[in-house]
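Paired with chain B in one complex and with chain C in the other, chain A is shared by the two complexes that follow.
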Partner chain A sequence: MKRLAAAVTLLGLATVTACSGGSTTQSGSGGGGGLFTTIDVNRPGLDAAAPPNPYNPKGNSFSAFNAMKIGWVKNHLTDPNQALPGIAESWEIAPDNSAITLKLQPNAKWSDGQPVTTEDVRMSIGIAYTQGSTAFSVTPGAAGAAAEVTVVDDKTLKITQNMDNPSPKFARGVLDTTVLPSHVWKDVLPADFWDKLKTARGEGAEAEKAREEITALGQKVLAFAPAKDVSAGPFVLERVNPGEALLVKNKHFYNAANVAPAQVKFLNFTGNEQIWNYLTAGKLDHSGFVAAPTDVMNRIKQAPGNEVIKGYSPVAVGMGFNQSKKPYDNVHVRRGLAYLINRDEVTKVASPEGGTPATTTTGIHQKAAPAWIGDTVGQLEPYKPDPAKAEEEFKQAGLTKKDGKWTLSDGSPWKVSMTAPSGFSDWISAQENIKSQLIKNGVDAEVVTVADYPLYLEELAAGKYDVGFWLMALGPAPYDIYQRLYGASNGWTNVAGKVTHAAPGKGGNWMGGPEEIEVEGIGKINPGELTAKLNTATAEEAKPIMTQLAKAANQDLPVIQLWDYVNNQFVSNSRFTGWPHDDEILRLGTGVLASGVWIQLGMVKSKQ
Partner chain B sequence: MTIIARRLAGHLARGLVMILVVATISFFIVNNIPGDPMAARYEKLIEQGMSPEAAAQGVKVLYGFLPTGTLWEQYTDYMSGLVRLDLGVSVSRPGTPVLDVLGEATKWTVLPVLAGTLLSFLVGIVLGVYAAIKRTGKLGDALAISGSLLHGIPQYVLAMLLVVIFATLIPILPADGPVDILFEPGFNAGYIGSLVEHAVLPVATYALSAYGGWILAMKSSVVTVLGDDFILAAELRGMKRSIIFRYIARNAILPLFTILALSLGLLLGGAVFIEKIFNYPGLGLLLINSINDRDYALMGGAFLLITVAVIVANIVADLFYTVIDPRVRSGEEAR
Partner chain C sequence: MSATLLPETTSTSAAMRRNFWRGVWRVMRRKPSRMAGVVILAGFILMAAFGPLFYPDHLPSDPDSISRPPSWEHWFGTDPQGRDVLTLVITGSRYVLLSAGVTALITVVVGTAIGLFSGFRRGRWDTVLMRITDMKLTIPSLPLLLVLATVWKFGNPLQMGLVLGLFGWGGVARAVRAQTLSLRERGFIEAARGLGLSTRHIIGKELLPSMAPYIAMNMLIAVTGAVYAQVGLFFLGVLPYESDNWGVMLNLAVFQAGAMITPNALGYLLAPLLAILLLTLGIVLVVDAMDEIFNPRLREE
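Our next item is the complex of A and B:
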């Protein structure tokens, strides 16, 4: 037995010794350009078995690293169509927004050496139709949908907009499309796809059938697993394990000479805590926005080389009311509460680094508001903390104060019940702070947390909560901004320009606001219909509509705008430099990892 | 038919029924978990800057992977799939069979938990015997106290403590992930070394948290055996201490083997907190993520796998006991 044990031990040692020679293929720390370490902040949980497919939610495809879009749309305050070059070197948008002509990068090649062609872009547009996108939609009459895709020559492509229902963000929709290699993906779409698409644009049973077939193709696209990654981006996927993904430089990338890192490592995470740990340990060269409490933020900043770049994030958070429930159906109650909440204090407690207290409720991020509604911002009621005004409003609503506590008009107790999903630490802190502010002013309040976000959204839509937090002001497009207040959550559905209104409590209408509002100085408006108009309005046409909606939101308060988010980008100057500080390029398109764009355009430089 | 074969047949029949019952219960529980994953996905896309129409279409395509039909039809499909070992397709990983996802995650749970459990078992029983023999001395007391202390500390506290000590204060070990991606996967020293390095803290957590139980159980078992007549007889006959020690160990270890087999059965489901803390991509972490994603097929598959492991471990423990303890065999034969 002892002899056997000794023999096994010796054999084991011999094997390890033999293997430790030449077969160790550690790529080192980056061979020249260095190793760039980051995370895909939009997608927790790496999946080693997932394919390099940008449409697969777990796909090992990292936008701007090994997945390229036609262009990288900017975070402009008002113009949704501004972009940086991607697979397209340049583009021309027709003055009436009826077409966009793309010129592809002359030297663009896939990582297997094949050139990027207009056929690749055309096929990628076909794939986009199966997934649904702003410009490539099979929904009849959808605003901003493309009409024709024409190959002009091997590097030029023209896409026209269906002008029956045009959208000002048509070009954005085109540019924000991922480009895939047709020689790899060609079998995913059937040969008669474009004929089917033409049929789908029509009316009747045949068109409906074609639309269903195209949507069904979407599942085939999601599940498609290329044997290996073929990328036109600056990097190509080398391998993935459940903890990390490794990408190496694509020598065929059109701007490879200016790409600093030789390798990119994506780290896995499942929650914010892990990102905080990576950042405090100085492991990440870049991370996109992640909410962090003050003490954590301080620790992150203290790590050698770390820097937090702040920019504009077109998102705000509001305290939304379920107006189907009493007393929130009364505007004076909502206004009274607005006068009791000190938004500076709430923001200081809940999101000191990631938010700026809202100046007032407009429905628009305060940074974009002046560009859209100009001086109107200054004319709106700011709802500064004022207990006397709150008392006045509550009295107008018929509330009564008994033993220092506000009660409903029939004398029954009133408690403001606010709900937030577990894990949303900033929302919960904010609600706790609001609770203490309200209690101090005689309004009983409570904070209820629910298990997670999917449950929160389900119960919110079902109208189970009195008060919940709601993301709003999602710019830059005016329609996207206001549909958060006057869209499905408040009863209005806009399908292909046709607006319908669902009764409170039905079809996801949890806000339950009135269908028409009497706005001071304007008259009666239907905010849902006005919002729908924004979907096709030009910037100049949108401004007066947005002014009306801002006044309506300010007066009627379907939500109290609490704070406007700040886009915090975390970078480390220890290994790389050259980080941009320009607001407009700190956030670049749907799911795009900004640092990938900065790297491919040669902004980021290696210190090694 | 031999006793073991008879017992095995009985266990397998009971196990099969239990699996079917558990599959049924877990199917209905999982499918009734509240929450709207489509709304959560939609909100996520909207936050990333997608237009409402595009986000709605994207969600529609993704959730085309959800089973359709009435709950009863879904149940019959699920059960008939189960017979063919088809647990359905994951929604969070569109198109990927649940069995493949589970297979990938299981290996990352089994290896460290198995290593931790066996390590704690070996150390625990050796020190348990020692603590029993030296139970009146200071060392015996110290070993027993160490066992009680470690047994009382929750696993996740121990895990965080190890992270703080060995990854933050004295940063000599990695605190997250299973292996460094820079090493080419394969049978080479770099890769294996990285695997081992990353597994040290999770394995140490499992080992330390289980060690207390083993040492206390072994000590108690040995103390019981020490009072048996055959030990007294052996001592009176002047046998060598090493032989007496073997007598003691062999008899005292029997009940611990049963516990070991059951622990191995529980290992698949017992790693949720540890995997979360160490970002270790095993079954526990997969289960948490599948709940967050409301990936019903994956959740059901994970629950089922954990249950099957426990049932199989019970069967193995029982059969094992029949093999190693002649008294059980002779009892059966006497019937």
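Our next item is the complex of A and C:
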């Protein structure tokens, strides 16, 4: 589940529109001192030898503790561009999303006493290019990519969007960028980097060469090892051993007066059960989402001071079908299965604490659905468990029942073979439960596991499985939500605003759904093209499109939405208080450790 | 064993057999624990052979009683799917024991054949075979199994047993060779040679029976080794998921049901562990009895 949590976070990287400003929360006393104990839930296994480099996969860099981003993007239901202030104190987004102007914190300083400058931010953007991010990418035609980075004055920067293929979540892409000290990292980028970048934006062989050179720099960035940690965050790395990483307060941090803990300790862990142990022992002041069975959850809650804060997590899981394989190409088979699977029971067995049974298949998380498609949710087929309807659907699909068992139309046996990566215990548990439910209703089924998640995704994309679980509804951006159903995995690729469709089994198209779907009450639609439109649509424009797509997903069922994830944050009120309960800041950008943001903004207080 | 050299008559061999079984009975009676060992082993064999027949192919699950603690209804509680843990142990025993049996058989057959051949022939054959054995012994089997598991799914207990068996014969081969080297210089082998008996007779009727108890004990011990190895592999999660496999049960008990944290799931963890413990105990006790039955010195006391 640890791996799943990491995957969920990685996939959650998405996001979209609007504008926002921010000002630092300067309230309260704070500065009470004390040791804050936590874990980096995204990264099992501390590596004492790894450098304090945020881009190094094992790096001892803890986002929001000793690594700062320009802003901390929020978990808003619909607006991807909302954020809390980070290195930028405030920002302005042009109404048409064509540019974002950042105002840096006037007092921001690195832990070695040097001020944080616009040059630091500019260089950090350069480094982001070598890794490829949503806003800073050299991939030709990438949506929402930046065009120019202009230093206005020593505390102001303006970043414009390439309006050839704009994205409403451009500002999010910019804000979600880690800022590094240019006086430490200056030699990583060559002197002619920005010229090279300009060349890379062109066309032809020279541009191609420049792009390759920039991507090649990525390796240098990953390997870069600063002699010591220089942080603009509230803490700076003191030492790491295999058991824990110790960070001490950065006295130069702009809001140091409101940072409650004097030290932060990251404990090492290798698996979920170790985190459960820490939590039941009351050792952790905060931990991000960790899947836990009900009994363990109760034990955690019983530990003195512990509290579990539940919030919104814009991710759901669905049972996806490979429609190139029979009988899943037939919509009646998929509908029949949807009528046979009791989602309440699946969720109860597999993810009682970390999920809510999906109300129906819309493609959107049930919490965000009303905001996007309004009353349509109530009009959709809920697929309540109904064996009689399932039988009807199967019959319509031409399946036959022999000796109480369903067989394919030609009489050959039918076995629903579901695959899950081993280690994803909630997925396996869910599939095992679905298997029981199906067998009870005369549909033979089996659960197959594969070694790990990367292999699972690879084999899934290659069309090796009949049925697999699929993360979906990755909000808040509408495009990100629907590209999970009608994107590359179902044949549609969107490059530079041009949508192309690959045949089933080719180009990662494992779902193999039809290119056009007849939707009741709407007519024939091309869901992939509609989804692509969401990439540039404003929130208001997106709503009618999403309504069509929700209806299409509900009728055509490329996946059966099973449960929508819940964001459990574990906190202890024994040593610190002031934990936020606001959904929007309980979960922040990719890899960001929420408690670091709460601490640096002065929300968390020491218990005197 | 020199008795076998005498020309046999039906009556004497029947009498010997009777004496042998009487001896067995005496040895068994001397320590009741040995009887317990036999009962345990027989129990496991019966469980693997007939246990699964009492249950449906797909065990019923109850989503309203998941991960329950032990009760009268469910002696070891229920698993996270709401299935009876004891039933899972019983239905899972077939795979474990069948593959362990195959492993033991292969270990012993291959190990004994190679050991006997090289010990009896000596010379160049011995050198070649023993170098191969040495090489085999230096290969760490666990990492190799982990790699193999990525390409081979071991869905069939026979495949699993075959692979584990091919990894396990080295020790037996070396020990059997040492025994052979020592036995072939003894008087009764000399006598057999002097009588002009064929090599086949000497190996089959003289050497092998002398070593039979030793080989049989090795075989039983190989069973425990094979159980540990495969349960370990399933526990690590490198082999495909099979809900009633003992190793998978241990894995799920710790990593899914949280048996180390909540006592409710303890039965789920303990049931497969107890099964393994009991099986090992049974084997140890039977090996103890065999030792006395076949070792004349212990018998005469």
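Operating definition for what follows: the second predicted complex is superposed on the first by the 575 of 608 C-alpha atoms of A that agree within 3 Å, B and C clash if a C-alpha of one lies under 4 Å from a C-alpha of the other, contacts with A are read in each partner's own complex, and residues count from 1 in each chain.
The rule we apply is simple: a contact is a pair of C-beta atoms (placed from the backbone, for glycine too) under 8 Å apart; a residue touches a chain by one contact, two chains touch by 3 or more.
As the structure is a prediction and not an experimental result, all values here were calculated from the model.
> For A:142, using the defined touch cut-off, is the partner it touches chain B, chain C, both, or neither? Pick first, second, both or neither.
It touches chain B, and chain C stays clear.
> Give one of first, second, both or neither to describe whether A:169 is in contact with chain B, with chain C, with both, or with none.
Touch partner of A:169: chain B, not chain C.
> Taking the superposition as given, does A:461 touch the first partner, chain B, the second, chain C, both, or neither?
In the superposition, A:461 contacts chain B only.
> Taking the superposition on A as described, I'd like to know which of chain B and chain C A:93 touches: first, second, both or neither.
neither
> Quick one: is A:453 in contact with chain B, with chain C, with both, or with neither? Answer first, second, both or neither.
In the superposition, A:453 touches chain B alone.
> Now for A:303: first (chain B), second (chain C), both, or neither, which partner does it touch?
It touches nothing on chain B or chain C.
> Could you say whether A:432 touches chain B, chain C, both of them, or neither, answering first, second, both or neither?
A:432 contacts chain C only, not chain B.
> Residues of chain A touched by chain B versus by chain C: which partner has the larger set?
B
> Going by the contact rule set out at the top, does A:45 touch chain B (first), chain C (second), both, or neither?
A:45 sits against chain B, while chain C stays out of touch.
> Pick one for A:245: touches chain B only (first), chain C only (second), both, or neither.
first
> For chain A, which residues lie in the overlap of the chain B contacts and the chain C contacts?
Dual-contact residues (chain A): 271, 277, 451.
> Report the residues of chain B in contact with chain A in the complex, numbered from low to high.
34-37, 39-40, 43-54, 56-58, 60-62, 64-65, 92-96, 100-101, 104-105, 108, 175-192, 198, 276, 279-281, 285, 288-289, 291-292, 294
> Note which residues of chain C are touching chain A in the complex, please.
Chain C residues touching chain A: 58, 60-61, 63, 66-67, 80-82, 150, 237-238, 240-241, 243, 252, 254-258, 260-262, 264-265.
> Okay, in this complex, where on chain A does chain B touch?
15-16, 19-20, 23-28, 35, 42, 44-50, 56-58, 73, 130-134, 137, 139, 142-143, 169, 173, 215-216, 218-219, 221-225, 239-246, 263, 265, 267-271, 274, 277, 314-315, 451-455, 457-459, 461, 471, 474, 477, 479-480, 483, 487-488, 587, 589-591
> Give every residue of chain A touching chain C within the complex, in rising order.
Touch residues, chain A against chain C: 271-273, 276-277, 280, 292-296, 298-299, 345, 348-349, 422-423, 425, 428-429, 432-433, 435-436, 439, 447-449, 451.
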